[in-house]
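The following block contains the structure, expressed as C-alpha cells.
Chain nomenclature is as follows: A, B, C, D, E and F, assigned in order of appearance, with residue numbering initiated at 1 for each chain independently.
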Amino acid sequence: MRERAPDQLRDITLVPGFAKHAEGSCLVKCGDTHVLVTASLEETTPSFLRGSGKGWVTAEYGMLPRATNTRMRREAAAGKQSGRTQEIQRLIGRSLRAVVDLAALGERQIIIDCDVLQADGGTRTASITGGYVALAQAVKFMKMTGAVTKPVLKDHVAAISCGIVAGKPVLDLDYSEDSTALTDANFVMTGAGGLVEIQGTAEGAPFSDEEFATLLGLARKGIGELVAKQKEALGE
Amino acid sequence: MRERAPDQLRDITLVPGFAKHAEGSCLVKCGDTHVLVTASLEETTPSFLRGSGKGWVTAEYGMLPRATNTRMRREAAAGKQSGRTQEIQRLIGRSLRAVVDLAALGERQIIIDCDVLQADGGTRTASITGGYVALAQAVKFMKMTGAVTKPVLKDHVAAISCGIVAGKPVLDLDYSEDSTALTDANFVMTGAGGLVEIQGTAEGAPFSDEEFATLLGLARKGIGELVAKQKEALGE
Amino acid sequence: MRERAPDQLRDITLVPGFAKHAEGSCLVKCGDTHVLVTASLEETTPSFLRGSGKGWVTAEYGMLPRATNTRMRREAAAGKQSGRTQEIQRLIGRSLRAVVDLAALGERQIIIDCDVLQADGGTRTASITGGYVALAQAVKFMKMTGAVTKPVLKDHVAAISCGIVAGKPVLDLDYSEDSTALTDANFVMTGAGGLVEIQGTAEGAPFSDEEFATLLGLARKGIGELVAKQKEALGE
Amino acid sequence: MRERAPDQLRDITLVPGFAKHAEGSCLVKCGDTHVLVTASLEETTPSFLRGSGKGWVTAEYGMLPRATNTRMRREAAAGKQSGRTQEIQRLIGRSLRAVVDLAALGERQIIIDCDVLQADGGTRTASITGGYVALAQAVKFMKMTGAVTKPVLKDHVAAISCGIVAGKPVLDLDYSEDSTALTDANFVMTGAGGLVEIQGTAEGAPFSDEEFATLLGLARKGIGELVAKQKEALGE
Amino acid sequence: MRERAPDQLRDITLVPGFAKHAEGSCLVKCGDTHVLVTASLEETTPSFLRGSGKGWVTAEYGMLPRATNTRMRREAAAGKQSGRTQEIQRLIGRSLRAVVDLAALGERQIIIDCDVLQADGGTRTASITGGYVALAQAVKFMKMTGAVTKPVLKDHVAAISCGIVAGKPVLDLDYSEDSTALTDANFVMTGAGGLVEIQGTAEGAPFSDEEFATLLGLARKGIGELVAKQKEALGE
Amino acid sequence: MRERAPDQLRDITLVPGFAKHAEGSCLVKCGDTHVLVTASLEETTPSFLRGSGKGWVTAEYGMLPRATNTRMRREAAAGKQSGRTQEIQRLIGRSLRAVVDLAALGERQIIIDCDVLQADGGTRTASITGGYVALAQAVKFMKMTGAVTKPVLKDHVAAISCGIVAGKPVLDLDYSEDSTALTDANFVMTGAGGLVEIQGTAEGAPFSDEEFATLLGLARKGIGELVAKQKEALGE
C-alpha cells in the first residue's frame, strides 16, 4: 500500500564519492532501490571518434543476482547480457550524453557503471540520476588535473518513472506498483526542464493523450526535486 | 530533399501471404524500406505460461547484412544479436501483444519474424505495421482450422516515426531525415487511437512539451492511414 | 509428383540489381526456392593476403527462420552458425573463387551474402548460380569506377543438384525429391564445362560408378542452361 | 607501508542482514576490501543429487568493474567468467561445504553470491569468512520455517591470506603487499582449527617447509580472531 | 619428394583396443598422420529418434593444437569449432552410418571421437578408416553383452584421398602433396566397392571428367587395400 | 586395491620428442594416466610484456572426451573450457614459470599443451612433470639455433599428489584412491627441493598440521624420484 502522496517521491539519498578507486561515484538510494554508480575515465575515445577531437560517455548496467526478491541468474555465468540489460544501458548512456559537450571532453571516454545492489523498482531512472552525480565528480576531477578547461556539462539531467496504478496517476513507482501499473512511463529531463527521453508503454489497456500529459506533469515535478538533490549532493 | 508534405507518409505497400510456408506473412514496403514478416504458429506456449490457459506472441528481428548502405556484420556470424536488435524485437512483441487476447489464443505461441531486406529508415515501425497483417492472417488460419473460436485480436495496431528535421516536425522519416533529426520519436497506436507505446529521444537539443505534442498529432494522422491500408490488405 | 522431365530444370528467374545498396545483387528463383544474393565490395583484403597484391571473394549464407515448412531457430539468436551453414558458405566461396583472377581483383574483398527467403531444395546451388551474377555486377561496377582494369572473371560458374529418386536419375531436385533421393549430388562447373566441385552422397544404399556418371551427364546439361540464363540476365 | 603488526588483521566489520531480499546476507569489510555476500535458498538440489536426500551449497563470485584501481571489463559484457573467477568461486563453495551436513540440509540448494564492491586484496578469503555468516543466517531462516530440524552446520569456517613480504612473514595481505609478496598463501580452517584448504604459491623464489609452517601459524591466529568476529556478528 | 609409386598407399597401422576405457578404439597411423579414435556407447538415442526403435552413430573430430607444423589455436579456448572441423565430423558420421543398420542397433548412440595426435594430410579419411575399426569393436562388445542380437554392420567402409600433383594423378596425398595438388578428392567406399561419398575440388584449374575417373580408379584400389587391413586388424 | 607401498610411485615413463612437429614434446605415462605434452615456441611475447625484454611460458590443458571411464562432453563442442580445466592450466603455467628466467628467454612465448589421452588420476601433476621435459627440449632447440645464449632454466620442477586414503597417507593417487581420499594434496617442487605450489583440500573431515606434514614428506620423496627420471630422459 502506497503511503506517499500520488505526486511524492520516495526518500532519496545521493552519496557522492562512495567508491574509493573511481574518478567519480555515487551511491543512490530511492527507497529500497540502491544503485552503486562509478564513473571511470579512460584516456582513449572509441574508434569511431578517433581523430574527431570528441570524447564519449557510455554506460554499463548490472544487477547483483540477489538484488531481487527471487535470485536471477548471474549474467556473467549465463554468458551474455539480457535484452533488458542492454536496453537499459543504452538508455543511460544516451541520457547522460544529452548534457555533455563531447568536444569539450576531448578524446577521452567516461564509462558509467551502474550496479544495482538492491532493487525495488526504478533502477534505470535511479541509475541516470545517480549517474549524473558520478559523472559530475569525474568532470571535476578532470578540471583539477587540467585535463579539461572548458565546461563539459551543459546542464543537469535526471529521470523518474510514473504510471497509472489502480486507475490513478502516480509518481515514482516502486516494484509492487510497477507490477500492477496499467501504463508505465519513464521520463528523462534536463535541469532546465527540456525533454531528453520519453518511454511510455501500455501494460494493459492503451492510454490516452490526456493520461500521458498527466504523467508528464508528475514527472516534471519529480525531476525538479531530483535535480535539487543533485545540486545539494555536489555542493553546488 | 523531402518531396513529400510534412504530414505525408511514404508510399506503402502491404503484400499479405508473400511467404509460401508460413501461417501468416506480409511483405511491407514503406518507400525504400522493405521488410518481410512471417507469423509462425507453434502449438506450445512458453514455460512461464504453461497451465495458465494463455498463449504468447513474440517477435524476432534481423537485417540482411547488405540491407544498408554499408555492409554490417551478420549477427549469426558475430555470435550474438546486438543491443539494438534486441530492443527492437522486444518493442515489436510488446506492441502486437497489446491487441491480442492471450486467453482466446490458448496455449500456443505465434512467432513474428521481421527480416529487413532493404533499409531506409523506419524498419521497426514497418515491422509492427506489417507484423499485424501477418498476425491477422495466422489468426484467420487458426479460425479456419478450428483451433480458436473466440476473437483473438481486440483491435488493429500500427506504428510510425516522427521527428523534427531542420526545425520542422515531419511524419515518417526516411534514413537521411532520421540521421539529421534533432528529435526522433516512435509511436504505436491501436485502430481506436489508443496509445500503446511512445518512445521519444532528443538526438540534439532537448525538446519541449509542445514539440512533442505536435509529433504526437502527426503520428495520429499517419497511423490512421496505416490502419486503413491494413484493412484493405486484409480485405476487411 | 514431378511434372518435369527427368532432365528438365525448374523455372529459373535471375533478377540482377534487385538490392538498392549493394555493388552487385541478384534475386534467384529456382521454382519455389528464392535466394537474395548481394555482392559487397570492401577496400581491404583479409590479413593473410596483405601485401600479396591479391584480393579475395568470400561468401556468407543464411536462411530466414520461416523460409522452410517448419520454423527453424534464428542462428543469430542461437548464437552460432550451424555446421550445415558453414559447410554451405565455404562451398559457395570456393566455387566463385574458381573463376576469379585474384591478382586482377587487387587487394580488395568481395563478400557474397546469400540469404534464402524461401526454400524448396537446392538453396546452395541457387546461391552459386545467382552469386555469379551478383559478383559479375560488382566487377562491372569496379570497371566503371576504374578500380580494376584487367579482366577479373575468367569464366562463368554455376551449380546444380542431381539425384536418384525412385530409382531414376533426375536433374534439379526440389525438397520433396531431395528428401527421398537415395543418392544426392551437387555439381559446380564453369562455362567452359570444367569441373570445379563434386559432392556426392549415398543417402541410402551405396551408388555405382555408372550411376554417378549418369548424374554427372545430367548436371552438365543443366549447368549449360544455367550459364545461358546468366548471360541473358547480364546482357552478355 | 604496513602500519599493522605482522600478525595483525586489518579492521574487520561483518554486517549480517545487509540485503533486504535474501534469506541470509553479510557485508564484509576487511580494511578497504568490501564484499557483499548473499545466501539464496532454492528448493531444488542439483540434478546429480536428486533422490539422494542431500542438498548442496555452491558459490558465485564477481567483481564490480571499478572495484579495482583500474577498471576491468565487465564479465557479463565479455561473455564469460575468467579462469580466476571460476577458481575463486570453486574454492568458496568447497570451503563452505566442508562445514555443512548436506543430508541435514535436505534436497535444497543454497547459492552464495559474493560480489566485490571494492577490492584491496583478500577478496576470496573475505568472501569465505562473510559467506559463512550469510549461510548461517539462511540456516537460521530454515530452522524458523521448519524446513530443517537437525543441525546443518557442523562448525564455523573462515579464511585468511598470509605471505612473505620484504622477507618477513605477515598476516592478512592488502593489495600492495600481495603484489610484492614472494610467497602467498590462502588458508581455510574450521572453528575447531581443522584445515580445510591450503593454497600456497611461490611468486618469486621457491619457499621452504619452515617458511610455510610460519605462515600456517600466522593463519591459525588470524582465523581464530575471525571466527570470534563471526560469533559476535551472529549473536552466538 | 614422393618416394612411393603413384598408386601406392603410405604405410598403414591400425591398433584396435588402444584406449583403456572405451567400448571400441583404434590408433590409426597413415604415414605421419596419427589419429586416436574411440567409440563410446551411450544407452540413449538422440531425441529425434526416440520411440523409433532406431539408434544413431555420430562423430566428433578434433586436432591437438600442435598436431600441425604451426600451432593452431585450441578450439575449446576459441570457444567454438571451426567450419572445417564441423564439415569433417559431419562427413565421418555420414560415412559410418552408411554401413550401420540403425534398427538393429536399437535406441542407443555410438559416438566416434577422432582426435588427431599428429597431422600430415588425410586426417579425415584416416578417421573414417580407423573409425570403422573402433565401431566394429564397440559392436562386438554389444554382442558379448547381449545388447544386440542381429548384425549391426552391413559392410566395411573406408576412405582415401587422391589428387593431381604436378600433373600426375596420385593416391593418398600427404600434407606437402595436398598443398600443391591442383585437384583434390576424397572417396568413401564400402567393402563391396559401393560409393558412399565423393568430394572433389578444383584447387587450381577446373578438372575434366577423365581426370576425375582416373582418381576414382586409384581410390578404388587404395580402399580395397584399406579394407583388407581392417579385416586383419579385427581378426576377421 | 593398492599393490604399491604407501610411499611408492606408479611406473613412470617419459618419452621426449614424441611429437614430430613441436620444438619440444614428451609423452608421460604415470601408470594408466597418459598425457601428451608439446612445447610450441612463438616469436612474440604477450602484449603485457612487450618492450620489457621478457618472455612468457603459458599452458593449456585438455582431455580427450573418452580419456575417462564415462565419456565427457568435448569442450570445443560445449563452447567453453570448464572451471576445472582453467584452474589446471593456470597451475601448470605458474609451476613451470617458477624455474624459468623470463629475461633470458627474451621476448618470446612458449606454449605448453597438455592433452590427456587416458586418465587414471594425477593428470595435472603428470602434466607438470612432463611439461618440464618438453620445455627443456624447446630450450635446447633455442640454444641450438642461437635464439638464447644465457641459461633459461634455473632448476628442474616436478609435481605429485598425495592423500589420506582409508586412514593412511599415500603417495601418487590413482583415480580410485583419489575418489575415496579424505584429504588430497598436490605439491610442486624444484630439483633443489624448494616448494613452488601447495594445494591441499579436505574432501571429508578437516585435516591436522601433522597429517599435512606427513603428506609433504611423501611428496618430497616422490618428487626426488621424478626429477631423477627427468634427468635420465633428457640425458643429463
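As a working rule, a residue touches a chain if its C-beta (ideal position, glycine included) is under 8 Å from a C-beta of that chain, and two chains touch if they have at least 3 such contacts.
All values reported here derive from a predicted model rather than from experimental measurement.
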item	value
Third chains touching both subunit F and subunit C	E
Greatest separation from subunit A - chain, by CA centre	E
For subunit E paired with subunit F, centre-to-centre distance based on mean C-alpha positions, whole Å	33
Inter-centroid spacing, subunit E versus subunit A (mean Cα positions, whole Å)	59
Touching two or more other chains - residues of subunit F	79-80
Ring path (origin subunit A; first step to subunit D)	A, D, F, E, C, B
Subunit D to subunit F touching residues, read off their complex	80, 83-84, 86-87, 89-90, 94, 98, 185, 189-190, 192, 194-202, 205-209, 212, 216
Parts of subunit A lying in touch with subunit D, wherever the complex brings them together	19-22, 25, 32, 36, 38, 40, 42, 60, 62, 64-69, 71, 74-81, 85, 111, 113, 115, 117-118, 120
